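Presented sequentially are two complexes of chain A, the first with chain B as partner and the second with chain C.
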Partner chain A sequence: MRETEFNVGKFFAFIFVAIIFLFMISPLFEEGSGLKLDTTLKDIKNRISYFHSLKSVKESERILQNYNDFSRYREIVDSAKTITLNESKDLENGSANLVTSIVLDYRGFDTLGELLVLFISILGLTIILSGLSFEKFKEPSFLQITGVKFITPFITLVSIYVFLHGHLSPGGGFPAGAMIATAALFSLIGYKYNYTLSTLKIIESKSGFLIVFLATCGLYFTGSFFGNFLPTGKVGELFSSILILIIYSLVGFKVGAELSTGIKTLYDGEKDANRQ
Partner chain B sequence: MQIDNRTLYIFSFIIFLIGVYGAITNRNLFKILISLSIMETALNIFLVSLGYISGSKPPILSSGMKTISPANINISDPLPHALVLTAIVIGVGTTAVGVGLAIKLFNHYKTLNINRMGDKDEL
Partner chain C sequence: MMFWIFIFIFVLSIILSIVSILVKDLLYSVLSLALLSLIASILFLILNAPDVAITEAAVGAALTTVIYIFGIRRTKREDE
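== the complex of A and B ==
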């Protein structure tokens, strides 16, 4: 009896979803009158991130201040310089990954807020789960423990590679932090390495403090929060934009410590007779 | 092969509605959380595809694309990528808090079925 009711519910849910789908795709096929955003935005020169991509934000701001309007927009666009891998030197930032240059240089304040959101959510998780104890799900088998012991050093190595190469290749501090947290979980399972929450607290608070300190140094030396005050060498080399390298490493440690705190809280909640 | 932006939008809508369907038909709290994650992923795909220009390359200078200049620039918009990075991290945070609340509810009611959660006194 209950089964048939459930299927009827699923049928109506499917119809509901199909109707929403029709509503969602209908604007895509409409031939309305007026300005078409899609055709003008096909060219990246009409988008704001054109200046971020060619690292000419400050230069074009300076030109724009002379004219005081957007009448010579095309001229400003064409005044940007060519960027070549392993040749261009001393640009606004030396990041070969243009997304990283936006995340940590032009929109660094955004990333700081992102870190704060993650910190607050892990704080909420630890408050929700504090003093809670629940049944252990399953004891890890011998095979699992051996495999985990084998793979943990490699995960740590890859995470270090990822946050050191955040300005050259896809990746960066946040995936590296997730990998560090995975390695921490595996070392809890495999090596029985029982790190304490206070260690994580020290790593997390010190790296967070250093990020804010470097950002404030940028305010002091260049006049803008998260300003790039360290040398930016050649595009494409490992030590090309040192500030991004340092901040991404600190972000990696901070995110890794935060996620490890969440994992450790969940691990401590489990009832286990073998643990002290 | 070049992909139209519209195709990507439709794909993201389909993934989003798979998430909606899962959230309204499932009764298990963890399955609802998974459905919410699927909806989040669909939103991220939609935002990234807003920055996609058909036929463009990823915005990373590498051996495949050594130089960019005003005359020769063929990359997709890097700004939505940066914003989606923020969205992903916030998604991780909300999922973590959701899982914590689900564990707390399971500890209290001894079930994850949201239909049976109210009648603990009758058991």
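== the complex of A and C ==
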């Protein structure tokens, strides 16, 4: 009976989705008209972000402050050194992946804020769920246990690869933490003896403390928060920018521990004896 | 060729999001959302953003699905 009624909410939802669809496909039919990028900005040498790709932000900032105008910008661009893989040494920031060098070095404070947001959301989840008590899940079947035991080591291996190579290839701490949490869920299904919430609490708090400690060390040694004070070797090697390697590993551990805490709380649904 | 791949991805994502709203069984709704984020990660990969694609596949397709399924298991499966 209720299905045949005219539903106003559904009607407006359809109109909303149709408008979004039109917006999505409209750029495909345009030919040159409409909003366009400034033609001088098409060449990346005319943008400030050119220095980010050359990893010489501090030097260019110093030069521009000395001349105090942007009319000499072109000369500074032309005099900047180019970077070649496996040859350039001792740069300002040694990571070969440009996204990582921006996310974790030039905009490191932003990543700290993201970590804080994730921490607060998991805190809310566990606070709400810790007062309730559910019945336990059913025992997993033989097939589930065998399959999960086969696939869990591979997921863990891939996640370790992703956060260790965060400065060389796409990836990094956040997706690695999500993969660790997936492996933690599988280990909850498949293995009899498992991690406890107190272990996760220790990992999470210590790695979070170390991230802020390293960032403050950068403030002490170089004068900027998240400043790079450890040596940066050749671009493209595994131990090329050691600070980014350490911080991304810590981010991976922290995110993995937080998400595993949420999943463990959702899975068990009982009050843990170790938690006060 | 690229044009039609984009059109296919857009149409599929719109269809999946409409299905996730309209279907009565909440488990199917969650599964269609997971498929939607998988398709979004393919789109990011085509648009040369592998960082975002990896994050979208790990968070959107795996973790949020698991959390939604736990929520459905704790409450009830059918929409009214």
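In the analysis below, the second predicted complex is superposed on the first by the 224 of 276 C-alpha atoms of A that agree within 3 Å, B and C clash if a C-alpha of one lies under 4 Å from a C-alpha of the other, contacts with A are read in each partner's own complex, and residues count from 1 in each chain.
In the analysis below, a contact is a pair of C-beta atoms (placed from the backbone, for glycine too) under 8 Å apart; a residue touches a chain by one contact, two chains touch by 3 or more.
Given the structure is predicted, the values throughout are model-derived calculations rather than measurements.
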item	value
Touching partner for A:Glu30 - first (chain B), second (chain C), both, neither	neither
Which superposed partner A:Tyr267 touches (first chain B, second chain C, both, neither)	second
Touched partner set for A:Val99, first chain B, second chain C, both or neither	both
First, second, both or neither for A:Pro170, with chain B first and chain C second	both
Partner chain(s) touched by A:Phe16 [first = chain B, second = chain C, both, neither]	first
First, second, both or neither for A:Glu139, with chain B first and chain C second	neither
Chain B versus chain C as contact partner of A:Met179, first or second or both or neither	second
Partner chain(s) touched by A:Val162 [first = chain B, second = chain C, both, neither]	second
Chain B and chain C contact sites that coincide on chain A, given as residue numbers	10, 13-14, 17, 21, 24-25, 28, 99, 134, 170, 174, 178, 262, 266, 269
Interfacial residue positions of chain C with respect to chain A in the complex	3, 6-7, 10, 14, 17-18, 21-22, 50-51, 53-55, 57-59, 62-63, 66-67, 70-71, 73-74
Of all residues in chain A, those that touch chain C in their complex	10, 13-14, 17, 21, 24-25, 28, 99, 134, 137, 162, 170-172, 174-175, 178-179, 181-182, 185, 259, 262-263, 266-267, 269
Contacting residues of chain B [partner chain A, same complex]	5-6, 9-10, 13-14, 17, 20-21, 24-25, 51, 53-54, 56, 59-63, 66-70, 73, 75-79, 81-83, 85-86, 88-90, 92-94, 96-97, 99-101, 103-104, 106-107
Touch list for chain A against partner chain B, complex	9-10, 13-14, 16-17, 20-21, 24-25, 28, 38, 41-45, 47-50, 52-54, 77-86, 96-99, 101-103, 107, 110-111, 113-114, 117-118, 120-122, 124-125, 128-129, 132, 134, 169-170, 174, 178, 235-236, 262, 266, 269
